[in-house]
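Naming follows writing order (A, B, C and D), and every chain is counted from residue 1.
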Amino acid sequence: MMNTITSSKVPVVELPSGEVLSLKVIDIVGKKKGPMCYLQASVHGAEHQGNAVIYQLLKYLEKNEIAGSIRLVPMANPIALNNKIGTYTHGRFNSNTGDNWNRLYHDFTKDNDQVLEFAKKYLGYDELDIDKQYKLLLSKLIEDKKNENSNYGIDRNGHVNILLQELAHNADYVLDLHTGPVATRYLYVPEYLEEKCADLQFPHNLIIPNNFAGAMDEASFMPWINLQRAFKELGRDYDIAFEAYTVELGSEERISLEEAQLDLRHILHYLFLRGIVTEEDNPITTTIKKCKLKDYKTYYAPRGALYEYMVQPGQAVKKGEVLAVALNFENHFKEEEIKIELRANQDCIVINHYPSSSVPSGAELFQVMESIY
Amino acid sequence: MMNTITSSKVPVVELPSGEVLSLKVIDIVGKKKGPMCYLQASVHGAEHQGNAVIYQLLKYLEKNEIAGSIRLVPMANPIALNNKIGTYTHGRFNSNTGDNWNRLYHDFTKDNDQVLEFAKKYLGYDELDIDKQYKLLLSKLIEDKKNENSNYGIDRNGHVNILLQELAHNADYVLDLHTGPVATRYLYVPEYLEEKCADLQFPHNLIIPNNFAGAMDEASFMPWINLQRAFKELGRDYDIAFEAYTVELGSEERISLEEAQLDLRHILHYLFLRGIVTEEDNPITTTIKKCKLKDYKTYYAPRGALYEYMVQPGQAVKKGEVLAVALNFENHFKEEEIKIELRANQDCIVINHYPSSSVPSGAELFQVMESIY
Amino acid sequence: MMNTITSSKVPVVELPSGEVLSLKVIDIVGKKKGPMCYLQASVHGAEHQGNAVIYQLLKYLEKNEIAGSIRLVPMANPIALNNKIGTYTHGRFNSNTGDNWNRLYHDFTKDNDQVLEFAKKYLGYDELDIDKQYKLLLSKLIEDKKNENSNYGIDRNGHVNILLQELAHNADYVLDLHTGPVATRYLYVPEYLEEKCADLQFPHNLIIPNNFAGAMDEASFMPWINLQRAFKELGRDYDIAFEAYTVELGSEERISLEEAQLDLRHILHYLFLRGIVTEEDNPITTTIKKCKLKDYKTYYAPRGALYEYMVQPGQAVKKGEVLAVALNFENHFKEEEIKIELRANQDCIVINHYPSSSVPSGAELFQVMESIY
Amino acid sequence: MMNTITSSKVPVVELPSGEVLSLKVIDIVGKKKGPMCYLQASVHGAEHQGNAVIYQLLKYLEKNEIAGSIRLVPMANPIALNNKIGTYTHGRFNSNTGDNWNRLYHDFTKDNDQVLEFAKKYLGYDELDIDKQYKLLLSKLIEDKKNENSNYGIDRNGHVNILLQELAHNADYVLDLHTGPVATRYLYVPEYLEEKCADLQFPHNLIIPNNFAGAMDEASFMPWINLQRAFKELGRDYDIAFEAYTVELGSEERISLEEAQLDLRHILHYLFLRGIVTEEDNPITTTIKKCKLKDYKTYYAPRGALYEYMVQPGQAVKKGEVLAVALNFENHFKEEEIKIELRANQDCIVINHYPSSSVPSGAELFQVMESIY
C-alpha cells in the first residue's frame, strides 16, 4: 500500500512559433485522509533551488506513505525559466510588460460581497465544514475571474498566476519556493502565522503584514484573512487553519541536490507537524531570528562602481563595519581615492546582495534585517 | 528685447564605469510676467517624438517673445534612452527592477496633514496667493521625500522621477510628452480637465479618474486635487488652475521634424490660450473625440503567431471587422487553417498596436477606444 | 490529379523547461518529375515576411500542379523567432554566443579530398548524373559533420544550421528568405549567377563573390563551386546548374499578406522559368539594378543622437543630399547647433537603415549601393 | 625619487543622449629606462577581476620604483561594462552587431608589403633598433587603418579595439586581463612563448597557434610574428622579444581585492623577470600544466534542463566521473528518470563552466583541458 502519483499538464502560453509551454503538475495522494500541501518553484525564472527540493521530495514520496495529499508544480513559470539573455536567466519580470511575476496574483475576495454572504450563511458551522465550503467558493471566484473580459483574449500578464492560484485553491498549506539573488535561507511570514512559522525551522523570518501586495503567499492567505474579517463583523472569532509562506532557498541561478536534502528536512518536519508526513527520524532544529518588514532595510549603491561584497548572506554585521568596497576609476581623474567603502548604519544580518560586481548608483546592493528579535 | 534662455544639468545616475548621466534643463523666461509651462520628453526611453517637438519649440522661442516662462527637459530619462538591446531601445521599464518608469512618481500629498494645515492657514486667501504658497509647500515636501532614508543611499527606482517632479513643481501647466508603440496621437486627460482639454485640439482624448497611479500627469495634478479636497472639507470651493496632460505623439523609435511642426501648433495654440505665447496666426482645429478609461479596451493576442495588423492607429472599426490576421504554422500540423483572424467585438477606434509581427499568446495586441462621445 | 503535400518535424532545441522546439517542414511533390526548390524563412528571428510568402506559396500549391518538388521551411529558426525582449524580437544573433545565425553554416567541401576523388570518378559522366551522385556525397558529408565530436554533445551554435543544410541538400534551387531592418527588396547574388538572377526580377541586386562567409546561400552554392574547381583542375569545364539566393523582402518585425502576393509573383515567375511551376499568366517585370559588394557602403552614425531618416529604402540619392538629420541636446550645452545633418558622399540608392531613432555613435545607420550598373 | 604617474582619457562612444564614454589611461614611468608593459581589463564587460589587479598594481606603483613604464587601462570597454540587462552584465558581445568584443581587433600587418620593405631596410640592424623602428611603423599602420573609409563614419564595431591597439602599440609586453564565466585561473599562450610563459607561474596554460583570430593577444603579437616571417624570407633569424598573453583571472561578475593581491604577485614576478619591477621579496611558484588548443574540449549540454555542476574549475576529473547532474521534469511525463548525469569522456581538468543552472540543450556546459603535459 503506497501513495498514488499522477501527472498532468496545464498550457500556459503559445509561443510565436506555435509551440506551447505548459505547467507540469504532479499529484501525490496518500491512502489515508489528511490535509493538502501545495508546493511550487521558479515563478521567478532564475530561482531554481526549489525544483531540486521538489525533486528530492518526490523521491521521498515514492517510498514513504503520507496522509492527505501533496501537489508539486516544479518550473511553475516556464515562460520566465526559459527567458535566457546571454547565459543568464531574466526571469524576475514579464519581459513584455515589466511586471514582477510575483506581484501579478489576483485578490478576488477583497471587498467581495460573496465573502460576506458566505460568512452569514456558514456563521454557525464548524471550522472544518466552513473550510471545505469556502474552497468551493474560491474555486468559483477564480473561475469567474478567468472568464472576465475573456472575449478580449487572455492577458498574459497574470495568466500563469491565476492558473497557479487555481491549482493551489484546494490546499491547506502553500509553500512558494523562491531564492534571492545571492542570498541566505529565509521565510516570508504573515503576522497571523508568526507563532506557527517556527515549524519550518528557518533561521531568518521576515514578518510581513496580513495584506495583499500581489505575491503568491498573500494571494493564498488573503481569502482566509478576508473571511476571518467577515466573520469578525458578524461577531464570530474564526481561527485560520490555512498557512502560506514564501520560502527563500539561497541564491539564484544554481541548484544543489545536496543542499536540497537539507532543505527537504525542513519541509518534511513541517509536513510531519501538519500530519501529512507520518514519520520523522531526525527532526531539524535551528535558532530562529525574526524581524518586521519595516526593519528589513535596503542599502542602495551610493556610487556607480565595481563592488566587492565583504559580508556573506546570513552573516551578522555590527554598526560601522564594512559591508562593501568598490572601485571607481573616475575618482582617480578627480584626484579622489579609487577605493570607496560602504559601512553598516546599524547592527544587522545581511540577507542578500546584488549578484554582480558591476553596479550603477542607486541599485539595490544589500538587503538586511535590523532590530532582530 | 527677447526671452532669456539658460541651461543647467542635474545628475541622475553614475554608471558602473564612473561616467554620469544628467538631465538637460533649458529655461526660457519672457520679459513679461506670466504663468510657467513645463514640458518633458522620453521618460519612456523609446518614445522620441517629444524631443523633436521640444526642439521645434526651442527654435520658436529663440525668435518669439513669451510672457512667463517655459522649462524644457528633453531626454528626461537618459538611463532609459540609452538602454539599447540590439538595435531597439528598452526604455519602458527600469531594466534592473522591472518597474515602468511612468509608474514611479511620488504621491507626497496623499493623507498628508501638512496639506490640511495649509488649507486651514490659507482658507481665506485668494487663489493666486494660495497657488504661490502651495508651490513652496510642494517644494518642501519634495525635499523631505528626497532626504527620507537617505543614509541608506538613493533608490535608483524612482530617483529620476523625483528629480523631474522637483523640476516641475513650480509649473502651472505640465505636458509629459510620450508616444505609444505603433500609435495615433492622443491625450490622457484627468476628469477635472475634461472641459479644458479641447484647448490642445487633440483628436483622441482618454478621460482618466482624478487618481494617483504613479504617472507624471497624476503626480503633478494630485497635489492640487488633494488641496481642493482639503478646502472642500473646510467648506471652500477651490478652483484648480493647474493642468497636467500626458501627450501621446504617435509611434515610438522614430522622430519626424515635419510632424513636430504640426505637433508644435497644438502646443502653441494651448500656450496662447494660457497667455504664455503672445501671438497666434493660424489656430489649429480638430474634431475632438473622447472616451472613458473604462471603455479603453485591450485586445490580447488569442494565439502565439505572426500577426499582420489590418487597421492603422486612428482608424475607426465596426464590430465584426477584421483587426488582424495571423499565421500559425503549427496549425498546419493539427489539420487546422494556418491563417487566423481577429475581429472587433464592438465599434471602436484603434489607438495603438503591438510593434512587432511576432507575438506570444496573451500579449497586448491592440488598445482601442469604445463608447466614444 | 494534384500535388502531394506532406509534413514533418525536426527537433532543434530542448528548452531548460524541457519543451522542444522543432523545424516544421512541408513538402509538396508534383505528379510530374522535375527539379527541387527549397525555401526557408526567418533564420534571423525578426525577419518575418518570408513566412507570409511561404503561406501564399502553399495556398498556390494546394491548387496548382507542379513538376518536381518544393520544400518549405517557415520559421526556420524557432529559437530566434521566439527570442522576445520587451516587444521586439532579438533574432539576429545566438543570444548565448553572440554569433549571427546566418554566419553559422558549415563549409564541408572546402579543401576536401573527397570532392577531388568524386571529380576524378565522375569526370566523364554527364552533368545530370554528376549532380545526382554529388548530392549523395553532400548528404554523407553533412552526416559526417553531424557525427563529428558528437560524444561531447551537439553545439547549439550551428546546430539549426546544419539541420537546415541537411533539409536543403537535395535541392536544385535554394531561396533563403530574409529582410533588412527597415529595407527595400533586394537579392544577394553570387558572381556565377549574375546572368541568371534577372529571372527573379528583383529591383536591386548585390553581386557577391563566389566565396564562403557563413551564410546559407554560400553554404548551398560552395559545394558546387568547389566541385567546379575540382573538375577544372582535371581539365573539365563543369557548368553549375545549382542556384542559391538570399532574398531580402523589405523590413523586419512585420508581415503583409498583400505584399506577399506580389513577392509570390517573383518566385512563381522564377519557378516557371525553372520548370517547376507549369503555367504563368502575368509575368512580372522590373528594371534591374546591380552593384558589386565592394560598392555596397555602410554609413556609420557620426554622432550619438536621435535620428530622422530623410530617405526611404529604395530611394536614389544624389551626392550631397541629406540622408538624415539628428538631434543632440548636449550640443546645446557646448554652444553648438542641436540639429546635425548627414549628407551622401556619393550618388547612391539607399537599401536599408537602422530601425530606431535612438542611435549611439558608430552604429550602422544606412547601407547604400554605389556605382550601380 | 619616484615614478611619475599621469592620466588621460580617450573618447570611445557618444551615447544617444549625448554623453560620452571614455577610456581611462594611467601611465606610470620610472626614473630609470626600461621596457614598457601594457595591461588592460574588462574588454568583456562582465570580467571585472582585472580591474582589482590594476588597482592593486597602481597602489604598488605609488610606492615602488620601476625601470621603464607601465600603462594601465582599467575598464577598457566602458560600452560593454555598462551594458546591464537586469542585474547582470551583457558584456561579451557588441549588443548591436553580436560580435565578440575580443574578436574585433585588427590585423594590419598580414600580407602587408610595408612589413617586407621594413625587413629589407632594417635587415642588418640590431634587434633593439629594429624593435624601436618597427613600433613607429605599427603606429603609422594603425593611424592608416583609423583613417580608412573614415568619410563614411567610424564603425563602432572594432572602434574601441583599434583605440586599445593604439594605446598598446609601443609596449614590449601586453597582458590582456579577462575572466571565464565560472572559471579557474589560466593563461592563453602563443606557441612561440611556450618556454617563457612559466614566468607568470600560472597553473593552467593553454597553448594556441601563432595565428590571428581577432583577440588582443593575437593582434599584439602577430605584427612581430609577421616581421619574423619577413626576416626569415630574407634569411635572417629574428628573435621576438615581444610578449602578449590573455590572462584569465577566475570568474566573471565579481571582484576580490584579496585575490587580486595574489594575482598581483604573479604579475610582479613577471615584471621583475622582465626588468621593470626592480625588487622582489617573495617569488611565487606553481606547478605548471599545459595543453594544446586542440585538446581544449567543450562539453555541450546534452539536454535542456536545470544543471548542478559537480566539479569546480581547476579540479582534475577522471574518465567516467560525473561532471554534472541535471533535472528535466518533462522526463517524468515520458516515464523517464527526472535526473540525468553527464560523465567525463576522458581524464581532464575542468577550466570553466556555464554560469547558470538553467541551460538549453547545446549550450557550452564545460571547457576542459585534456592530454595535459
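Just so we're on the same page, a contact is a pair of C-beta atoms (placed from the backbone, for glycine too) under 8 Å apart; a residue touches a chain by one contact, two chains touch by 3 or more.
Treat the numbers as computed from the prediction; the structure is a model and nothing was measured.
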Remotest chain, chain B as reference, centres from CA atoms: D
Inter-centroid spacing, chain C versus chain A (mean Cα positions, whole Å): 47
Whole-Å gap separating chain A and chain D, where each centre is the average of the chain's CA atoms: 42
Separation of chain A from chain B, taking each centre as the mean of its C-alpha atoms, in whole Å: 35
Residues of chain B whose C-beta touches two or more other chains: 15-20, 24, 75, 81-82, 84-87, 89-90, 92-93, 96, 306, 329-330, 358, 360, 363
Chain contact topology (line, ring, star, complete or other): complete
Chain D to chain A touching residues, read off their complex: 7, 9, 24, 26, 45-46, 48, 51-52, 55, 58, 74-75, 81-82, 84-90, 92-93, 181, 253-257, 306-308, 325, 327, 329-330, 332-333, 338-339, 354-358, 360, 363
Residues of chain D defined as touching chain C within the complex: 13-20, 79, 85, 92-94, 96-100, 151-157, 159, 297-306, 328-331, 345, 358-365
Residues of chain C that touch chain A when the two form their complex: 15-22, 24, 75, 78, 81-82, 84-87, 89-90, 95-96
